Amino acid sequence: MKLTEDDIYRSSTQYRNWSFTPAQLTAQRLKTNQQASERVKAAVARQRAQRARQSQLDSANTSESERNEVVCLTPEEELKLVDTFCDVAQKLGDFCNYPAEITATCIQFVRRFYLFNSPMTYEGQNITRTAMFIANKAESHFLDVEVFSSQCGKNSTAEKILAPEYLIIQALRYNLDVKHPFRALKGGHLELVELARGNLATLPNASQTATELQNEMLQLPRKAGGPAVKMTGPELEKRLGEAYGFAAYILKTAALLTDSYFLYTPSQIWLAAHLLADEPVTLFYLSTKIPPSHPTYSKLVTTIRACATLISSHRSYRSDRSSAEEKDIRDQQAREEIKALVKKLRQCRDPDKVDLVKLNQAQKRDAVHEGGLEENKAKRRKLQREGYEKEADGFWGPDIAKNGGGK
Amino acid sequence: MSKTATRAGATSKDDICPVCKSSRYLNPNMKFLVNPECYHKMCESCVDRIFSHGPAPCPIAGCKRTLRKARFRRQTFEDLKVEREVDIRRKVAKLFDKEQDDFETLRDYNDYLETVETTLWNLILKIDLEATNRRIGLWQQHLTEESNSTQRTQVEDPSLLTDKSHVILKKGGTQRKNVAGIKQDLLTGVGDEPETGFVFRGLKKRVAPEPEKPYDPYNGWSIEPQYYVVQDDYNVDWITHPKHDPAFTVGGYDVRDLYSRALCDAFGGLGVFIEDEKAPQPSVGAATALPVVDGGGGGGQDVNMDDIF
Amino acid sequence: MVDSPALSPRPNPPGAGPKTTTSKIMSINPKAKAVAILNTADKPIAMSADTTPSNGTADLAEQMNDDVRNQFVSGAKLGEGTYAIVYAGHYRHDPTRLVAIKKIKLNTTLKDGIAPDAIREIKHLSELSHPNIIQLHAIFSTKEQNISLVLEHLPLGDLEGLWKNHSISYGTPDIKSWASMLAQAVWFCHENFVLHRDIKGNNVLIAADGTLKLADFGLARSFADASRKMTCNVITRFYRPPELLLGCEHYGGKVDIWSTGIVIAELVLRDWFLPSNTDAEQLLAITQVFGTPTEETWPGVSTLKLAAILGASTRPQPMDYWRTKFSMLGPDGIDLLRSMLIMDPNKRFSARQVLEHRYWTSAPRPTKKEDLPKQGGGPAKVGEDLKRRAGELPSSGRGDKVARKLDFGSMR
């Protein structure tokens, strides 16, 4: 098997199970939302029925809200809530000073989780905290759960953190490996710097030498479509450094908080971020990898541009053009929206799944109990079987040896 | 089981040698030998007496075949006809040794078996003997030409019994005879014989086994990046600092692994366009297991082979 | 109007069969924790909605999980380790395709949630696909929160069992074949930037067709990230390289190469190569064969955290030691083995260098895996043997019911 780096990516679970087209993504979220809504309505109806029966004894009248129909969230609203949870995750990660990978993995876990579950069913705070805990474990950073929960704030306890752990891992379909573009960006940066210095090892079918490439690079315009400039080596490296910084910032924020991981590969994501940071350099770099005349090149550029558009549409994206004030205004708007949504959410939560700790304990107790039952059943079965065999031997006589005669 | 017509008085106990008429009673150690040329049997002493000086004609009256001493052997079966048949089968089996695996379909294999059996019956019952022998000869030639090994020794024509050709060896032998006759016609078409004597349909192409290639320690696997070449050295200090840090280098931390990994990440999936590749899916999120790959170690193939690459 | 359902986990428990002991999971990290019945919460009242699982449609995630689970049928128990139970099983739609279902035990008192081994194994095995690495077909869970890994079925035991079994004899080409497959597995892991960190004889399993498969990724992790320190308390002691014994916290693929070298050495010697009872003894055993490392032979060794435990200096064994003990490898093999066991990890061969060595292409040619000596398969296999009817042969193609075809051509 001759594998290229693309093939290696194709063998990853991120590609196999967690990559979708935009249409598939929306369809899935719709499905999840519908199912969850049904669940909620059924559960609420059931609860009301119980309370109604109970209250037949005392003449309490049902409260206003219960008589009304439950209004559930729409998929778009759910998505907004999920984004909020991701924000929370990011703040938590920053607060605890975790490496970027861990926070990023956590955010992706949350997004993946809510692809198949709804915020109405499982409350975001719990899930986010536990997702952070799992992300730490997945990145070989094993925490003491007590220590972790104390960092999460007064409201959290070790049981609360552990309760949804199993649930989340199941919803993630046991794929705990998330491939991030951070290291990829570093790798790209390494190559770019070498390219700038004229030292890059050229690909076998490259048409230009390293020095030619270097010269070309030194003359790249600062902005797309702008005039060619003449830079010196150090200036170029400084430019690359700045591009790296901005791209890294984008990757840690906007790229994570959008659906980019589902729709694009990490390689395309880091290139998209770099494109936003410094378009001419990125395009030039790509042209050294794939000749512009090749059809893949234009396709790739289109894909990367699409990814860039997606990322830059996120409200945390701050290009040079928009000011800090604009960003604040956007943030404020977002906060108000979220407040309204949270209020709405409170009305349509699935009552069965509110207390995950008790749920978890109940399941575990069942499991052990069932496990014990199973053992007993198995033993009984075995003893029965042995009993039969003994009887059979007693009646028919023991089995004739293979060589002792016909059988 | 034997339905042999009995000669007057003699039982299958072979008490009397047909040539010298000496009986076992007089010579308790008398052993009978038989010659596959004509399947006449005689006692050892006769063989010694008659053939020690070289080939001589068979002493049984009416059989004019020249026999040699060396070809005499003990009789394996009580019934000489069976002996003869077995000899014929043995010889033919050497020429027609194809297995089911050599044929595309079961039907073809069965047709082949039918043809071979028909030929055998022709030989045994001496139907169209000349034509059959000729065809066998041609087939034999064809086989020797086909194989690159040294020439096979000439397989002698199956010996033929001149007498007893009317004997029916099996039930339905007459029918067989007719069928055989028809078959022959079918096979030979309009009377002309195929060049090689026999044509079998549905033979799989026999591929000559390739000479063994030198052992590949990777067993065919390789990982070659297509978008980049890993250099031995990069110089961006804040990324590549481990190479100077003794805490890293003493333990075998290889900074080239870092480069390699960063670049693999950077380009892994560059050419993977999810929009296209994930488009027709039966259900979103259908769990896909890793494709099962074949076993390594020596070139064998496992039964499961789902290749996504 | 439906009453709250009583607690009832779903049916379909794995079947119980004759108990056998084939422990596949052994590691130095203490994994055993007592299973206790959790009794802290009050027994739920039937009316309370909090503790009862929803009676409606299952989660989408649960549905998908059930889809996966229903693809398999589990059967007899094959063995039990401290943290998992292994059952035999097969695909529901194709009973000839066998699998082993490893059910990771529910541990109600495990303090920090799901065990690290489980997480590591799940994470890394899902991403690796190579003929010499055990294949993870699927993962599912039961309502009881047990995670079950559906792995390849490898009935012929492991490498350690092979060399311990004195009724099986093997020679130079066989060793070369096994070593080659193991090296390929390690190479593939490293190419995907995964360290196995627990390579030893009984984690190298043998498939029915003779292929070697590397298993048990419970200690694996990815490497080549500069930022973080890694623990040096990995790899079973006999197979642990000196840099780990000396407390190094930044290392790379070379640690696996050392372990692989030891495994190959054991295969040749048919005995433990460097046994010991403590870490210090292990270091002693290593230095007695390879000599104490010095700043010349291993620059920087004195800076390692635990360098102090290096005792008095010893000289390495002479070449004769190698030629006599490892004669079955031949001169090329000895050269390769020694390169895999160089003390200084920087000089030690990498997986790629191992596969580029001339040992593989020099005579004799490694045996084809079909021809490798195989063992019977241990008690589990024997149990299966016993379950078959008398007179039934293991692999009868057309069945013994058809009369054998007389082969006249081969008579005489």
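Assorted remarks:
In this document, chain identifiers A, B and C correspond to the written order of the chains, with residue numbering beginning at 1 in each.
In this section, contacts are C-beta pairs under 8 Å (C-beta built on N, C-alpha and C of every residue); 3 or more make two chains touch, one makes a residue touch a chain.
Keep in mind that what you see is a predicted model, and the values were worked out from it rather than measured.
Taken as a contact graph, the chains are fully connected, with every chain touching every other chain. Averaging C-alpha coordinates per chain and comparing to chain A, the farthest chain turns out to be B. Centroid to centroid, with C-alpha atoms defining each point, chain B and chain C lie 42 Å apart.
With centres set at the average Cα position, the gap from chain A to chain B is 59 Å.
Computed from the mean C-alpha positions, the centre of chain A lies at a distance of 30 Å from the centre of chain C. Chain B has residues 221, 223, 239, 261, 264, 285, 287, 290, 293 in contact with two or more other chains. Shown for chain A are the residues in touch with two or more other chains, namely 8, 11, 31, 116, 173, 183. Residue positions 60, 64, 126, 129, 225 of chain C are each in touch with at least two other chains.
Taken in their complex, chain C has these residues touching chain A: 1-2, 4, 7-9, 13, 15-16, 35, 37-41, 44, 47, 49-57, 59-62, 64-65, 106, 108, 111-114, 116, 119-120, 122-124, 126-127, 129, 139, 141-147, 192, 221-222, 225, 227-228, 230, 390-391. Looking at the complex, you find that chain A touches chain B at residues 1-11, 15-17, 19-22, 24, 27-28, 31, 115-116, 173, 179, 181, 183-191, 193-194, 199-203, 263-268, 270-271, 289-290, 296, 299-300, 303.
By the touch criterion stated above, chain B contacts chain A in their complex at residues 220-231, 234-236, 239-240, 259, 261-275, 277-279, 281, 284-285, 287-288, 290, 293, 308-309. For chain B in complex with chain C, the residues that touch the partner chain are 86, 89-90, 93-94, 97, 212, 214-215, 217-219, 221, 223, 239, 241-242, 246-255, 257-258, 260-261, 264, 285, 287, 289-300, 302, 304.
By the touch criterion stated above, chain C contacts chain B in their complex at residues 60, 64, 67-68, 97, 126, 129-132, 135-138, 177, 180-181, 183-184, 187-188, 191, 193, 207, 209-212, 223-226, 243, 248-255, 298-301, 303-304, 344-346, 348, 350, 355-357, 360-361, 365-372, 407-409, 411-412.
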